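What follows is a pair of complexes built around subunit A, which joins subunit B in one and subunit C in the other.
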Partner chain A sequence: MTTTPANVDVSAAAAAPTRPPLGARLRGRQNQNLWFWVFVGPFVLGLIIFIYIPILWSIYLSFFESYNTVTPTKFVGIGNYLDMLKDESFRSSLGTFIVFALFIVPTTFALSLLTAILVARTRVMQAFFRSVFFLPTACSYVVAALIWKMSIFSGVRSGAANALLGLIGQDSIPWLSVTKPPWYWLVIVSARLWLQVGFYMILFLAALQRISPTLYEAAAIDGASSWQSFRYITLPQLRPTSAAVLLLLLINAFQAFDEFYNILSSFGTYPPYARPPLVYLYYVALGQGQDFGHGSAGAVILTLVILIAALVFNRFFSFRGDD
Partner chain B sequence: MSDKTIRAGIDRRHLLTLGGGMAVAGALAACGGNTGRSSSTSAAGSGSGSGSASGGGAKVTLQQWYHQYGEAGTQQAVEGYAKAYTAADVKVTWKPGDYDQTTAASLLTAGGPDVFEYGNGPTIDMIKGGQVVDLSGLLGDAESDFNPAMVKRMTYDGKLWAIPQVVDMQLLVYRKSLLEKAGVTPPETIDDLMAAAKKLTSGDVKGLFLGNDGGVGLMGAPMLFSAGADYLNEDGSFGFDSDGAAAALGKLRELFTSDSLLLGAPKDWYDASALTSGLTAMQFTGLWTFPDLTKGLADDYDCIPWPAMPGGAKSVVVGAYGSCVSAKSTNVDAAKEFVKWLWVDQTDKQLDFATAYGFHIPARASLVPQAKTLQSGPAKDAAAYAQEFGRAQSSVLWTPKCATAFGDMMSKIVKDGADVKAEIAKVKAVAEAEVKRVLS
Partner chain C sequence: MAVVNTSRSAKVGSLLRYSALILAAALFLAPFYLLFRNALMSEADLGSPRWHWLPPTWEWGNFSAIFNDPALPMTRSLVNSVLISIFQTLGVLIISGLAGYGLARIPYRWSNAVFYLITATLLIPAAVTFVPSFVLVSSLGWISTLRGLIIPGLFQALATFLFRQFFLSFPKEIEEAAFLDGLGYWGTFWRVVVPNSMGFAAAIGTITFIGAWNAFLWPLVIGREQTTWTVQIALSTFLTAQSVNLSQLFAAALVAIAPLLMMFLFLQRWIVEGVERTGMGGD
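For the complex of A and B:
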């Protein structure tokens, strides 16, 4: 069998597929890779240019003294971070918004879930109620803020809230002008709930409709009360949706800007109370301040706070489940 | 390599956390990071319109920027002025939107303007950064004719950095009939004013309107002037850690709690409607409301400067857009020539710009008697007040950071009733550090 080695060689060579040219390999089977990049490429590019580069640049700027420039030269180390942490106004705005998040996240969550369940149970005009609750989501935050500020909660008798007070013989309340009692929270929270509840309601509604009716039927046969079916069927089945909604709400709470800015800012200034961190940073870094070093340091600190909050939240409410 | 392995590598929880975190950081970076940077790089690439006069004998081209004025006809007017200038080819750019921010950003680039207007002249950072050129001497013999408060505001370090275009002002306006009915004379002092406000308040009609925030954003400077104080002294040292200033700011708190201030009107202090719709008897507002006031109240209104306290002076707040020349301009001398021509020499155009479209005061006192709109009634008095009692609304060294600290202080004093002196001390710490930073 002297030919064997040769045979082996030949068969090996024959068995080995001819390597396709580099271009074809890069394109992948049925041009899979090519199409992947055709569809994903533009978005990845946008993400890199408009999101990731600014983030990295912002982190870079946070270590420099950069007034009126984004190509700074004077390195200050963690000086900007220390300044921001020492800045009483920034600290108080972070503190306020941790408290705000603790309040607004559960409130929005509970209200959205409640409306979703009510709408899901409604037998008449379900589509109508679903649309009505969802409609505010389509409204601009700015427009809603201005309506809340100028029509509903204006300080004079012609405002809707004060007109109501007038009916029961009460004096007008300048809702947005006084801090004791802090009526401005009523204005902001009501605007925010009106704007947001509908959106999360739709998420819950979709999840509710995916729960198999057989579970409820089985529970009913076992004699479960409606509270028991809610507690032991609905809530556990909503777990993945609830976790996502809570996380979105949490991030949303720290990112508050639009309605706060438009309701509370007055001619060039924003009061020191109910000032979201982003509004404060806006005045530091944009406005006329143009102090990008401190602004970026503040943004990084805020991001870390959100990250920590999200991690803590994940620890207690993780995504385990059978999805 | 299947998709499965990739999926196993990053489980969904981490992906969401990561993606969420990055998206947040992105939004923050967008807000907290960077204005006009991309525009600066691209503008640098595209080159500026201010080409040098390279072709032999060709006229120089100058780029002139204005913010968008609200009054109809203003744009055509400034384009007409530019066209009338023969020594250079002036191209006017009318910029809507965030004028201050885009202009500040464009000054970093070669794509910026040669000549531009800026509120109350260039900022201290522009001056210190060498972004604008010294315009000293352009006023020439006319210097004493310009509104002194505005010239002072646009001067830093003994040099003039901008030329005031037209003057706007804020002052106290009242309804004559309501004061007569209540037996109140126009107040001369802050105490008079507070008594008058109380007397003029009845039910839903309030005595005085200082803005929906109770004067927090608007009245800080006038109250300091009333007490003879200012943000900063001439030498840049802190200007209001005196007993008088503390007392003055305390008066605003008293007013706020007196139930005689109008709060939460549908339109804020810069609109005439609180006066014309009978929500208030007196209002601190701008000269620009006078046409609306005349329309709504005929001659039932008059104006006075903001009253004084012992040791202080009456004041009206004045402000002006100032015409500046960019240091990045390739034709600095030609740009300066043009600015001098338009805003110093061409008095007929200045008069036209101040009075033909909106309700302003010419920056040059000698033009006021020629302004038909300022020849009678409250407007005539107002024009005289601007010259006599005019105070610039801020100091050139008063940076945005100082302004934020000041606003916080005002809110805490007026709305929360915080200790005035303790709050002033907090602003002092911020302001002294800022002035030191700016001057270093």
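For the complex of A and C:
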């Protein structure tokens, strides 16, 4: 375990056995190889210990039966992988991710682009509006989950959403305790929407400010309508930002955990539905069983899924960028 | 005639725009309003079926109550959050700043290979490595320790990548002058480069701090004992256990986000720059 990082140090120091002692070389004339490792070494060492070794070790564990142990003995081949792929709840967690992504990616994209455009065109109180939309970024998912679960969408009459329904003469809705219709999706999606719109709005605002005003001036002289200049100048100019934002949204949706866990679990138990991949993995690997074998196999499968999705996405967008 | 039409449609357009902005701003501020209102309500008023725009009685005692409740380790979890966030921010700035500078400025035969080793980890979503990282940290015996919460988070490939890009754009002439004065790599970095990179460091630092303060999955997995709870874990435990005074839970949540609200008021410029850098640097 700790031999690999030690080796890096040893090899760096042993690379020049005949030279003067280390202290003299550091004080003396610049030794570039040595200084490179003085600057970069701590980071690379940490990366190897805390990223590379865990990943390799996890791949190793995924081929073993390892309940409650990280030094397993029973090799099971690809058994864990087959179990995971056969497992109905693992596959349904991928389904949950797809549903969630279909809700959250387009809505966040549209709303952050819309707020960015509105804020960019505003002269009076621009800083105020920008700050208001950006402020939720300061909030954690836990605090948002508390507000959403216990105040806005609490099933009781005095919950904000139900109080609003009461104003227009509607009955209260038990937002989180029914699955038909699945109102919990509204709760989950609106919480994340509120938390992350401001972040992507900032990215779009920066991109909008980079568009040269002469493009709009030329279009105005040619008599373009505001819709036309949006369609044929703004959107194409925002293309790289849009692609990056979509990819970030997709990857972040894939990693959703905090709001699902905090909004849906109560009295220490999580309902059997609406388990995105990480929630599922959390309960398999770190629940009572501490099933590291299946948990690791699941982590490997999920990493491959997101890598392939990102590659396909990049391919798709670079293709379209070529023409 | 055309001019009049244009100005009238411009007026209508700007009226619509401001209406939309004000409506959206009200919706975005509403959750904060509820947080403040609930934190200052009494438990009985919060639980009553009647809707209250403002607390019928202002319960300022909620704030002292959460610090005196033995079941809710408020002080301890706040201290943990402060320690973790500060150490992680400083650690990331120093470790990634050094690494970024080395990669950008010190010629080395394997520099590119090292750079690929670093950027390859950007492709792996951090959250799917939590199972393997947990396995490692548990075998180091770091479960329920502050070092288990802090140290694995110190090595951020994205921060190193961004520092490298930033130092590549740093004017080389200044460094060369310092080098000729005999400062060497170490002295040039600390005495010339660092003082001229404070703005960039502030941008990366604020974003790192916010991320560390709001982190949830890693502290949930590692900080299992009450003594190592962060403030987010303390809140979450009471939220999902549902056996707590609700208005006091809102008061605790308000305390938990207060430091970041302060940051947003006073350091927004750096946070915005940090978002722009980290958001677009990752792809």
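A few remarks follow.
Rule of thumb we're sticking to: the second predicted complex is superposed on the first by the 277 of 323 C-alpha atoms of A that agree within 3 Å, B and C clash if a C-alpha of one lies under 4 Å from a C-alpha of the other, contacts with A are read in each partner's own complex, and residues count from 1 in each chain.
Following the convention adopted for this analysis, a contact is a pair of C-beta atoms (placed from the backbone, for glycine too) under 8 Å apart; a residue touches a chain by one contact, two chains touch by 3 or more.
Predicted model only: the values in this text are computed from it and were never measured.
Shared-chain residue A:L203: touches subunit C; no touch with subunit B. Of the two partner chains, subunit B is the only one that A:Y67 touches; subunit C does not reach it.
By the touch criterion stated above, A:W185 is placed in contact with neither subunit B nor subunit C.
In the superposition on chain A, contact of A:R157 is made with both subunit B and subunit C.
Of the two partner chains, subunit C is the only one touched by A:F133; subunit B is not.
Contact with subunit C, but none with subunit B, is seen for A:T241 once the two complexes are overlaid on the shared chain. In the superposed model, A:D291 makes contact with subunit B only, not with subunit C.
Once chain A of one complex is fitted onto chain A of the other, the partner contacts of A:F109 are absent, as it touches neither subunit B nor subunit C. Counting the residues of subunit A that each partner touches, subunit B and subunit C differ, and the larger count belongs to C. Using the contact criterion defined above for the overlaid structures, shared-chain residue A:Y273 touches subunit B, although it does not reach subunit C. According to the touch criterion, the shared surface of subunit A, contacted by subunit B in one complex and subunit C in the other, consists of residues 50-52, 54-55, 57-58, 61, 70, 150-151, 156-158, 244, 247, 251, 254-255, 257, 266-268, 278, 281-282, 285-286, 292, 295-296, 298-299, 302-303, 306-307, 310.
Within the complex formed with subunit B, the subunit A residues making contact are 50-52, 54-55, 57-58, 61, 67-70, 88-89, 150-151, 153-159, 172, 174-180, 244, 247, 251, 254-255, 257, 266-273, 278, 281-292, 295-296, 298-300, 302-303, 306-307, 310-311, 314, 318-319.
By the touch rule above, subunit A contacts subunit C in their complex via residues 1, 30, 32-33, 35-36, 38-40, 42-44, 46-47, 49-55, 57-58, 61, 70, 115, 118-119, 121-122, 128-129, 131-152, 156-158, 160, 163, 166, 194, 197-200, 202-203, 206, 226, 241, 243-245, 247-248, 251, 254-255, 257-258, 261-262, 265-268, 278, 281-282, 285-286, 292, 295-296, 298-299, 302-303, 306-307, 310. Subunit B makes touch with subunit A in their complex at residues 12-13, 16-17, 20-35, 37, 40, 100-101, 104, 108, 123, 125-126, 129, 204, 211-214, 216-218, 262-266, 268-270, 279, 399-401, 403-405, 407-408, 411-412, 415-417, 426.
Residues 13, 17-18, 20-21, 24-25, 28-32, 34-35, 38, 46-52, 95-96, 98-99, 101-103, 106-109, 111, 114, 117-118, 121, 123-136, 138-139, 151-152, 154-155, 157, 160, 184-186, 189, 210, 213-214, 216-217, 220-221, 232, 235-236, 239-242, 246, 249-250, 253, 256-257, 260-261, 263-264, 268, 271-272, 275-276, 279-280, 282-283 of subunit C are the ones that touch subunit A when the two sit in their complex.
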